[in-house]
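As written, the chain order gives the labels A, B, C, D and E, with residue 1 at the start of each chain.
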Amino acid sequence: MTDLLVTLLAAFTVWTGWRVFRVDSMVRASFSLMLSFIAVGGIGVLLSAPYIGVATVFMMAVEMMVMAIFMVMFMMNPAGLNPMSMVHQHRFSIGAGVVAALGLGAAVLLSSPPSNPVLSDADVVAELGHELLGPSMLIFETAGVTLLATMVGAVILSSRQGRFGNADEGSRPPGLSPDGEPAGRKPDNGGEGHHHHGGHG
Amino acid sequence: MGLSSPDPASVFAAIGPGWQAPVERLLARQGLRRALTPRDAGILLVAGDMPGTAAEALSRVHDQLPHPRVTLRWTIAEETADAVAERIAATWRDLRAGEADESDHLPDQPPNEWKGVGPHGQGGKGMMGGTPYGRTMAMTGEDIRDGLQLDRYTARIGPFAPMLPPGLVLEVTLQGDVIVAASVQSPPFAQPADADAPELCAARMLTLLGLDEPARRSIRGRRPSGFWVRGAVPRDLGRIKDAGNARDRLAAFLAGDSPAVAATDLSELLPGLEWSEAMLVLASFPPSSILRAAPIPEAA
Amino acid sequence: MTLTIILLGAAALIGIGLYGALSQQSFVMLMMGLELMLNGALLAIIGFWSLSLGGMPEGQLLAIIVMAVMAIEMAIGFALIVAVYRKRQADMTESIGTLKQ
Amino acid sequence: MQTLIIILGWTGLAALFVRATQQPAGATAPQAVPFLGGGTPDAHAWQRYHFRPYTMTLVFIAFEMEMMFMYPWAVVFVSEGIKALAEMGMFLAILSVGILYGWREGVFRWQ
Amino acid sequence: MIVLLALAVLGTLGLGAVLVVAMDGRIAQLAGQFARQRIETEAPDRLNRDLAPVWYLALAAAGLSVVPFAPGHALLDSPVGIVIWGTCEALTIVTVFLHGWAPNAPFPLIGAYRYVAIALPVMLPSMFVLIAAALPAESLSLLAIVESQREIWNVARQPLGLPLFAIVVLTLTLRGPMDFADAADIATGTSADESGSARALWEVARAAMLVSASALAATVFFGGPLGPALPGPVWLWIKTAALVAAFAWLGRRIARTTPSRMLTILWVVLLPLSFLHLAISGVIAL
């Protein structure tokens, strides 16, 4: 029974993963990828990894939501109203993909990993918690620093207003009244940037 | 409240010149519900004599109501609100019994010819070309707030948009939900001073703030209740010389004053604002000052 | 048996992801390919952890790390796309080469 | 396994309920025009949508990873005691620096 | 037992949704809408349009399934109950987005994106509140969270939790101050171009989600099925109904600010508050 469900979910995750590159609509592509992750999470739940399985779905739902936003933002024809194909080196890519899949598949079939299933009564969440606070404490705190670096990097790269004012002068929006202050984002930001919530002069 | 509450008649109002105040007061009554979109309505209430320029828009809104649907006209000033409410209730009963319906006013034609073109019959060419499914695709352009040149979506909104003053047709260009360009295609319909009544002005802002019940109370002349009402309006929104900002004006409306606001050009006022902010700013002006603000088109 | 099925699924996901990452001209679609490969890795880790490693806590930690890598890859990748688009008005992989000047 | 079957079951039931209550959708061309208060659009609404708080979403997905560590931490919090409090406090303090930086750069509002 | 619990979830969801709609005074209105024409917009995404309400209802049911109806008895007796609930929250955002994306119309699209901008950061206070509730229970299971409240309810032990979670509930159910998806300035937003049975169905799904979220709040803050004399499910129903009424009342009374300002408030005020909440709860739990 478990085997059957695992097989179905594995087939589903591969199929939805394939759909990602076959559908025209970017929203459908993103959420197809999300379904692929959900199926992986489902396999995790089946294989007595409740926390990792459910958390995969949780994290990936959020990340694919963000993915969809950016896909729609930057792709031409985001809804796939016209059918489209934006690929290069197509044959080579197909070949590489097939070779990788077949090679890994052959390795899987030829090797015989030891069978040592997780005990069904183990409290895996608590074990993970003790691991995080004990032996792997350094990994945990390093992850914090890495995430901090990611946040700062993402802000620097994507935000246009830098530390010393906007990167773009000269496109100031018109004033709210003929001689009023400019509407929209103000160039004088910095520490009190949050005070202009809507950003209106 | 409760299981026994009856089905209020769902009315989408197309308000003509001079009828804003009577219609707003009418639809705040018990047993009537003002739909914010024709998709939610069964009755189209056409109040007043519509100028010829609005006829096509009226037909369009009419056709957007789902079946079954009925148009009611309220054009005679002598007909009291009570009488109209009766008429609406009777029509609503017929509608629910399935005894009334109207067919489309506009011909059943797509906005552009497109059928059968393209490899999938979608009607478009290449990546962005042609008119897939009867419309073109938006193209990129300058942005006035953060410089990412993403798509500009242009549409004419009004004259019967519930969040705009009746009669106002705005051609807006949006990038995301920020207005990057706006021009007045036709000014709002002239309304008598009654439409500037503070309780009506307050109700319009309260509706935008998501306070439907307090808005109805306000129209009925009672004190609207709600938490964080003034505070919800951003402090620096819609500041006008000598007339404070939108929050001050809401406070004045709630206190029963109707502040005089100098005329402001909408095509300069709106760009750069996010859509909900723009609507709050517009609602914070009494209708008469928006009419003065909109340029009068050259005599036809 | 179960482990074999899971690992075959993971291999297929990695293959599809590699195809996507190599073939897509658009940056965002390329990132989809990367995510799909990481998805395959995640699936393999879950399978190994549960069926072959006897539930070592380090296995779960590794799965979390893979997810963190995905999040970081997405955040930095999209930030980069925004930066490139701001300069070039394009999100093609080719345009990043011209950004270096 | 039970978890999975129950959730799939709810999804199936919801689909049946929706199928049973929904009428077939359809419209004539003038009915199908998106509602714009009587106005008309130039183009399809689907577009390269300029989502304004895009930087916020990037900060969000990085920050949200901390949840992955916090759930197992919560389970062992009482048994590990003050050490758990200190370690998570440090972790959150590190991440808060990122939030403060983003706030200072004004990413938590419409760009 | 499982069948009984499944029926309890189904019954609670169904009757609860009817109760929510009745409290809004809209039973007859929605019943009438189910018979009206369902308009299809130009070139919609039909698949996602039809799936969005299915997901919404299924998420409400899945969320309610982790709630224990009697001490020790929940349909989804998972060791990670609150993570499952968090997943339901995350997928709800996707669902509402798809609902606004599918019609290919401007106002629904604006509503959908606005909702995503607000609902993503709302997940943070939600997770902090639920994790804080898990601290004294030493488990992510809602059964354990109920057991940990035998002495004192979390609403007293973690006073900031309920107000923070109220914001989450209002966001998930698109109500009042957090209803950025269906606001008046975009002509009811994601629903603006939906009519007839589709419109009514979305309302029903919202009502079901309110029941589910209120039941979870009752479990996490008010001890769920714990109470004297009456059997467990009855206590849960009483507490859920009271919370449904409270959330609906709050939703009608609090004004909604602009999305940009709400975004700032979420990150700058509510996120530090949830840090504070977690710290207080942690110190108390030690």
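Assume contacts are C-beta pairs under 8 Å (C-beta built on N, C-alpha and C of every residue); 3 or more make two chains touch, one makes a residue touch a chain.
All figures in this text were calculated on a predicted structure; none of them were measured in a lab.
Which chains does subunit D share as contact partners with subunit E?
Joint contacts, listed by label: A, B.
Taking each chain's centre as the mean of its C-alpha atoms, give the chain farthest from subunit B.
Farthest chain from subunit B, going by C-alpha centroids: C.
Which one of the chains is closest to the middle, using the mean of its C-alpha atoms?
It is chain D that sits nearest the middle.
Considering B-C alongside A-D, which chain pair is linked by more C-beta pairs in contact?
Between the chain pairs A-D and B-C, A-D carries more contacts.
What whole-Å value do you get for the distance between subunit B and subunit E if each is reduced to the mean of its CA atoms?
30
For subunit A and subunit E, let me know how many angstrom lie between their CA-based centres, rounded off.
Inter-chain centre distance comes to 24 Å.
Taking each chain's centre as the mean position of its Cα atoms, how many Å separate subunit C from subunit D?
That gives a centre separation of 20 Å.
Between subunit A and subunit C, what's the gap in Å when you average each chain's C-alpha atoms?
Here the centre of subunit C sits 9 Å away from the centre of subunit A.
Could you tell me which residues belong to subunit C and also touch two or more other chains?
64, 67-68, 71-72, 74-75, 78-79, 82, 85-86
Where in subunit A do residues touch two or more of the other chains?
2, 50-51, 55, 58-59, 62-63, 66, 69-70, 73-76, 79, 81, 125, 128, 130, 132, 143, 147, 150-151, 154-155, 158, 160, 185, 194, 197-199
Of all residues in subunit E, which are in touch with two or more distinct other chains?
If we look for residues of subunit E contacting two or more partner chains, we find 37-39, 42-43, 78, 80, 83-84, 86, 101, 104, 106-107, 113, 116, 120, 123, 140, 187, 192-193, 196, 258-261, 264, 268.
Let me know each pair of chains that touch one another.
A-B, A-C, A-D, A-E, B-C, B-D, B-E, C-D, D-E
Can you check the complex and tell me which residues of subunit D touch subunit C?
That would be residues 54-55, 58-59, 61-62, 64-65, 68-69 of subunit D.
Which of the residues in subunit A end up touching subunit D in this complex?
Interface residues on subunit A, with respect to subunit D: 1-2, 5, 42, 45-46, 50-51, 55, 58-59, 62-63, 66, 69-70, 72-76, 78-79, 81, 125-126, 128-130, 132-133, 137, 140-141, 143-145, 147-148, 150-152, 154-155, 158-161, 163, 185, 189-191, 193-194, 197-199.
Given the complex with subunit A, which residues does subunit E contribute to the contact?
43, 45, 47-48, 78-80, 83-84, 86-87, 90-91, 93-94, 97-98, 101, 104, 113, 116, 120, 123, 140, 258, 260-261, 264-265, 268
State the interface residues of subunit D toward subunit E in the complex, per the touch definition above.
Touch residues, subunit D against subunit E: 2-3, 6-7, 9-11, 13-15, 17-18, 21-27, 31-37, 41, 44-46, 49, 51-53, 56-57, 60, 63-64, 67, 70-71, 74-79, 81-82, 85, 88-89, 92, 96, 99, 102-103, 108-110.
Can you list the residues on subunit C that touch subunit A in the complex?
1-20, 22-29, 31-33, 35-36, 39, 42-43, 46-55, 57-58, 60-61, 63-65, 67-68, 70-72, 74-76, 78-83, 85-86, 91
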